Amino acid sequence: MSGTELLYSALRAPDKIHSMQRIIERLCHNYQRPVRIMEVCGGHTHTIVKYGLDQLVPEQVRFVHGPGCPVCVLPQHRIDAALQLAAMPDTILVTLGDMLKIPGTQSSLQQARATGGDIRVVYSPLDALTIAQKNPEHRVIYFAIGFETTAPMTALLIEQAQQQKLANLFFHINHVLIPPAMEMILSTPECSVDAFIAPGHVSVITGSDIFTPIARRFQKPLVISGFEPMDIMASVERILHQLNHNEAKVENTYSRSVTSQGNRKAQRLMERYFEPRATFLWRGIGAIPQSALQFRTEFADIDAEVRFAEHCPAPAPESGHGCICGSILTGQAHPQECPLFAKQCTPTNPQGSCMVSNEGACSAYYKYRRDQ
Amino acid sequence: MCLAIPSQITSIDAETDMATVDTMGVSRTANLGLIDEKVSVGDWVLVHVGIAMTQIDEKEARQTLELYEQMIKADMENEAV
Amino acid sequence: MNNRILLAHGSGGRENQQLIQEMFVDAFRNPTLCAMDDASVLEMGTMAVSTDSFTVSPLFFPGGDIGKLAIAGTTNDVAMRGAQPQYLSAAFILEEGLELDVLRRIVASMSKELTICAATIVTGDTKVVPRGAIDKIMINTTGFGRLIKDCSVSRIEQGDHLIVSGPIAQHGSCIYAEREEIAISGLTSDCCCLWPAVKTLLDEDLSIHAMRDATRGGLSAVLNEWAQQTGHSLMVQESSVPLTQQVEGFSQMLGIDPYILACEGVFVLAVAPQDSARVIELLHQTGHNHAALIGTVTEEKRGAKTPQVILNSAYNTQRLMEFPSGEILPRIC
């Protein structure tokens, strides 16, 4: 079997998917109420919605879309910081794709770019090095986003910038961490999540062991899953199996990429430059302790939040939109229950974080399920 | 969490720590700076934003597939009973 | 020896005349054009006309260039109406400083593509703008064609079969990678003149109701426009839509949906069911080897306010094929 078959097509085969569908139906056919399974990874949301896996599982299984998108959860004042930094003279702001459309309090990076802001989207963080090298007279600020998957990439960029002694490259760090968000969701009294499909690529970096305390403390099954349809279906099977046997442990169906310890080199690189923030505001959810990264103090000279502090607004209460993003992000409400969904709030005119990114729950539902 | 794609290494430049990788016939470069273990041409890696995150364990991949197939076979046998 | 476009080339004098003669007339040579009248008189019956402007960057890409696009794009639009593209106008806006060799290559490419379509350029215009006013070159072509069989969205009927002539998203993925300097190799534009294939179809008396080439916005734009304009929902079998492995790799890599990426050598047809097999057979015979039946025109979806394009997956689950909107951006998550 070729690599492409092994890693892609064999995990999408319709006959296998339908077999899993039957297995899942058998495992939950006598459930008195639906089991609610939350995924916290935009990639998992994408797989579920793109392949319609939520239509394949019986009504006793409900997928609940958690805060799986690192741009969805950035509070407005941090978007405003990006805008203010970009507006500084002789400054180039560099960031990754989805950041462009996120609305701050007044505007977005896309709108700022249309009015002359030098804002550049890169495919890889390392492209920031080239931009800094080619523009020695400019200040280049890399606006770093992403979960634990992407944080090591930023760290690699920083390491290379330091090795190359690039004096004009600075960094604004907005990396957020998933396990604290999962704990926060499970700690809320109204939480009705029965199990998690745990993130696949965050786990590649962190290792699967990081989730064991969560499974133990909250007594919920937690299955780390890959991103092909078969991976998700098998993870649902594992969850149901655990529930049926009153188990609550971490299982890993993505063992081809996820180990218990994770990528130690990536972890060391992150630890060299970053430390957890005491607290961080998640848009629509609120403050979660230890849930984001910041530079260690010895790197203050390249930390845009320190060097250009006057351009970084302080946290402020979010301007109300009337949307229920917070409830949607924590799995308590469904996009279609929001009064603004598909009316005032659409992908071209997003009101809240869930509609902004392609992987936001509302955006996915708008694009793929609007009239269903 | 994020979009990371299994890609096969087709060449390695040890000096720059860069590999050329192939994904379904489309080829591009990936940085190997986060990979601790030694990788070779023909190995599969997971690439996220142009940087390899980990080597993919093909043996594990095969075992995972076999496990899925066993699950399905066991279920079919149960049904037949 | 001068090798670049100068402002003088656009000022109506000797240099202008020399440029027109040596660069354009020589390459596009035909009696009508050589007469060099202010306007050309054409003999034709009921006529289809289409205009398009081309500004693609980069100018040269795997599988084509702006010149090839300027001819194929406009002749394709005429052909889609069921008309034989015959005569074109070509207007060039050139940036001062553009290398003449670059212009020569573009013009040669246009000449070659005209031969494939058996069409001629019968009138043209050249302007030169100061350096910086535009990015190297812009081309407008307007195409005129004799109507053979009137194919139009208004003729689409419920129950019609939807056929696509080849693998989608090749041009869009290629240009995206080139422009964003993502350094992905393995992608080629599908830019090509569709008239030879359309001619073969029109030569037989088949119930082809509508044709549209999928350019910007890709397959999704065509299908969503047809749904909106006809008031019918469309059902598409996802596994039937032809896709090269490379385009799939590209779309996986960046998280960009292939349905919204441009094609430049693919067209979609709405055909009465009894003729769809023959249409596909003829397309295969004319080199469009991956032409396939991808779906049908259905009734309005019950309860839907607007007609939709519904994708049926390999697992028989359904989702909407989104209408393209906003800038195309890679996703990281």
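When the chains are written out, they are named A, B and C in that same order, and each has its own residue count from 1.
In this section, contacts are C-beta pairs under 8 Å (C-beta built on N, C-alpha and C of every residue); 3 or more make two chains touch, one makes a residue touch a chain.
As the structure is a computational prediction, the values presented were derived from the model and not from experiment.
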Chain occupying the most central position, where position means C-alpha average: A
Between A-C and B-C, the pair joined by more C-beta contacts: A-C
Distance from chain B to chain A - Cα centre to Cα centre, in angstrom: 21
Centre-of-Cα separation between chain C and chain A, whole angstrom: 38
Junction residues of chain B - those touching two or more other chains: 1-3, 24, 48-49
Multi-partner residues of chain C (at least 2 other chains): 182, 254-255, 331-333
Junction residues of chain A, two or more chains touched: 41-43, 68, 70, 96, 123, 146-147, 150
Interface residues, chain C side, partner chain B - complex: 182-187, 244-246, 248-250, 252-255, 331-333
Residues of chain B defined as touching chain C within the complex: 1-3, 5, 22-29, 47-49
Chain A residues within the chain B interface of the complex: 1, 3-4, 6-8, 10-11, 16, 19-20, 22-23, 26, 40-43, 68, 70, 96, 123-127, 146-150, 152-153, 156, 159-160, 178, 199-202, 204-205, 230, 234, 237, 253, 255-257, 263-266, 269
Complex contacts: residues of chain B adjacent to chain A: 1-4, 6, 8, 24, 31, 33-36, 44, 46, 48-51, 53-54, 56-58, 60-65, 67-69, 71-72, 75-76, 78-79
Contacting residues of chain A [partner chain C, same complex]: 12, 14, 17-18, 41-43, 46, 49-53, 55-56, 68-71, 96-98, 100-101, 110, 121, 123, 145-147, 150, 229, 347-348, 357-359, 367-372
